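Right, I'll just put the structure down here and ask away after.
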């Protein structure tokens, strides 16, 4: 009531820690703190479609942003892809497995009877990038029958953390915060389409602070916060 | 005429039928087990719909299949003492007794709780739950509940069957008074010949 | 001695107690409503645990609070005709009748289905569900079910209360034969003085 | 570990508000549906039955999506309700309550229905002869005798709504102070590796809340059960 | 729209297998739990009750996570079962069935419990006097009289397990032919823009499956109900 309400931001769940920190820093600069709703990009996009009274949308992939853009629900000029990430191959911390990611690297043999944990390669963005990387490296056909498709990156991470899967593919940002997994190798950026997190203001946006917060995220200070968490910024 | 009853109803393979008119006072239904006595009471009360027929009590028409008339159960004002008790298990004895009384128009009530409790000898049971009552105690509460609802006529299905001789005597005395002083029409089922002889102005044989 | 019973049990505010021994034949419990007759039968059957006391039948000890003995209900082999029927609603009449019979050792059975059905006059009811039975029909089935279980003694709580005179007469004849020919100990509750006088070798007053 | 932060208190009280309102308002609807399914015969009864079960069968996310389509600001029901009653659901706690209610409904209806079917109709007949109208009979006999099922349904529904996640986040998103109930907060914590302590704490709180509901219902059932279980005659 | 692909048939038959096995095997356990909760008095009863309700209250993802901790190949229960019985759950349909069973359990237990509590103990007493041991009495009287609740519980549980998503995907992930049940397939489709047709088709199939279960149970209940509702005397 008396306190002014900040802009309402719909953001992909994988941005949770970084974006929360950014919001706190922004709020410390005497702005109303943005209200952020973290969920799967697909759910958020559908909410935008259903007329959600929000100010900003940050998606984990371009596809859902394209979807709402096509329906003219965002302000096209405000759309910017400002974050990127890398894909890594991980193993449980105790694992001694050595693998060098390269064309035709023996991932299938290394898996043996075990499974490769990753987000669903058919639907979840991280899974799609992973599939693309494995395909371009020529190992997809060997491992596609051995995938454990998780609901999201964090669930895939949990399977590797528990040692239920000997290997997993997750974002670099996820791998670095878990002490129970070890990064075996990083996929070459060229092996998959650019991972990017687009952001845009929504057409329904009413908050006077929304544009300010967007600029803050794009500012050097804002980018630094994401960089500290392992994102590459553009 | 008190009761003018001519009904027919199929139940499974059996066909229950009754056709009688009776004068004032108590009419006993008498017949072997399974003859259809309870079914007749249920039809009079409105709980069982006759396949065809006509029911009138004291000149008032309760049911007529030809005319398509069927008075709702709650409007008939029957004081029905069931063969199988049917106390409300979730209400204490007092609330069971007052259930019909509370719903009756004050003008229709002709007995109050204290009187009923006194002649039925159930004063010490008022705060008890029905499940803790003995068979005869439950039966007396059921009689009291029916009488307290201020009925226009009584349907009594073996109301005294599990009572001792002294109680029986007392309750029969009350039934006689209801019959004579209030001129209440009563349909009464009993297998006890002495009971029937003492109370009934008329005996209707069922299924004989 | 048939029954040697000395029990005490508190129920609510009431204290039910009984202390009697009786010779062979039928022992009638006689007393006003609420005196504790049903409770005594329940204690003999093992359904209600006496606070203290001792129960023996035909020399066999069923319960002794001092010795810490309490024979399980199913081992007592009581033929209990309940005051409240208790037919199994999910079994047809035939299966109700045979419920105890099927569980009894062949050597313990002393009546078969055909005989029971014949003297109770329930042959036409065998395929019916209990809920479709009239009061008296249900009561006869309950009597049959108890007798067919091959019991060592009978507990009968107003078994004839809703039967017509002819049926009553017939069943009393059977009870007399069980009493005399099989020498079955019988505990019998009734409010009907003529019934008691005809059947009972001994009358135990309860609560008087 | 057991220091509950201010933000967590907010989540807890929001969860209680959402579940309380959802179950409180749904209780009579659920009972009416249970009664209809138990007692009334009509064509298409199986369809009503199926409709009630729908939220149980569909993945919650689909239920949430359907709610979004129907009750979103652009949905037909949503527009109508906003126009006539000024009620909006999108991104509001009312939407979370709607989702919780819808998800809890099948459980509540079933529990109540079993209890209603077990009520002895002869007692209702007796009430009628004593002058009670069908409505009166319903409220004085059927309803009180079905109290065990009513309570069980309320507890099941409450527990279910305290745990409701998928439909809620899909329908009304995950907005702190408005729609971020306990399960959504737990989900958020699960997204952060190494947050097992927070997840555990919040889960224990969720369990404790429904344990309270459970105990309360058992006590109420015991009180209501005093007169029950006995013989009718 | 209604051409069902071979892949979808696989999903459907897997869903049926998982739910069928889950409910079939859980039925006796659920009934035993319901009986204990309805009839036995013991210290810690509320705790058992709460434990049974747990999967209802926790967000399914948490339940899945707990299952992973306990029944994963590296979890204590998982290791023990693998060692002694050769049963493994990870990434197998058995794991999906375990998740479905656990999620359905509280619903089944509740429905059955209400029905058991409504059984007239005087009938059990009568059976005992006729020579039936407590066990016999249970199987010949209590169980058949509680059939309405048993059926209702089975249907509720089946419907719930057909719709189970969160615990399953967290516990055993989404493996075509092993653990990809209907809800997982639906969820996958929902993640892709423009897949509404597939979602709708699969949802209709899920609903149809439980509708069949519903109808079957109503028919069974009607058959079992023949003798019911009547007077005991």
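Letters are used for the chains, namely A, B, C, D and E, taken in the order the chains are written, and counting of residues starts over at 1 for each.
Please note the rule applied: contacts are C-beta pairs under 8 Å (C-beta built on N, C-alpha and C of every residue); 3 or more make two chains touch, one makes a residue touch a chain.
For clarity, every value in this text was computed on a predicted model and none was experimentally measured.
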{"item": "Most distant chain from subunit B by Cα centroid", "value": "A"}
{"item": "Same-residue or different-residue interface between subunit B and subunit C, half as cut-off", "value": "same"}
{"item": "Comparison of A-D and C-E (more C-beta pairs in contact)", "value": "C-E"}
{"item": "Chain centre separation in whole Å, for subunit E relative to subunit A (CA means)", "value": "36"}
{"item": "Computed distance of Cα centres, subunit E from subunit D, in Å", "value": "20"}
{"item": "Euclidean distance of C-alpha centroids - subunit B vs subunit C, Å", "value": "30"}
{"item": "Mean-CA-position distance for subunit E and subunit B (Å)", "value": "49"}
{"item": "Where subunit D touches two or more other chains at once, by residue number", "value": "61, 65, 122, 190, 229, 231-233"}
{"item": "Contacts with 2+ other chains: residues of subunit B", "value": "83-84, 132, 135, 139"}
{"item": "In the complex, subunit A residues that touch subunit E", "value": "40, 42, 45, 63-64, 66-67, 115, 117, 120, 122-124, 147-151, 155-156, 158-159, 162-164"}
{"item": "Of all residues in subunit D, those that touch subunit B in their complex", "value": "122-123, 125-133, 136, 140-141, 144-145, 147, 224, 226-233"}
{"item": "Contact footprint of subunit A on subunit D as seen in their complex", "value": "61, 64-65, 68-69, 72-75, 90-91, 169-170, 173-177, 179-180, 188, 190-194"}
{"item": "Subunit B-facing residues of subunit C, complex", "value": "11-12, 31-34, 36, 38, 83-84, 128, 132-137, 139-140, 157-158, 161-168, 191, 193"}
{"item": "Contact footprint of subunit D on subunit E as seen in their complex", "value": "46, 49-50, 53-54, 56-62, 65, 106-107, 110-111, 113-115, 117-118, 120-122, 148-149, 152, 155-156, 159-160, 162-163, 165-166, 182-183, 186-187, 190, 199, 203, 206-207, 209-211, 214-215, 218, 229, 231-233"}
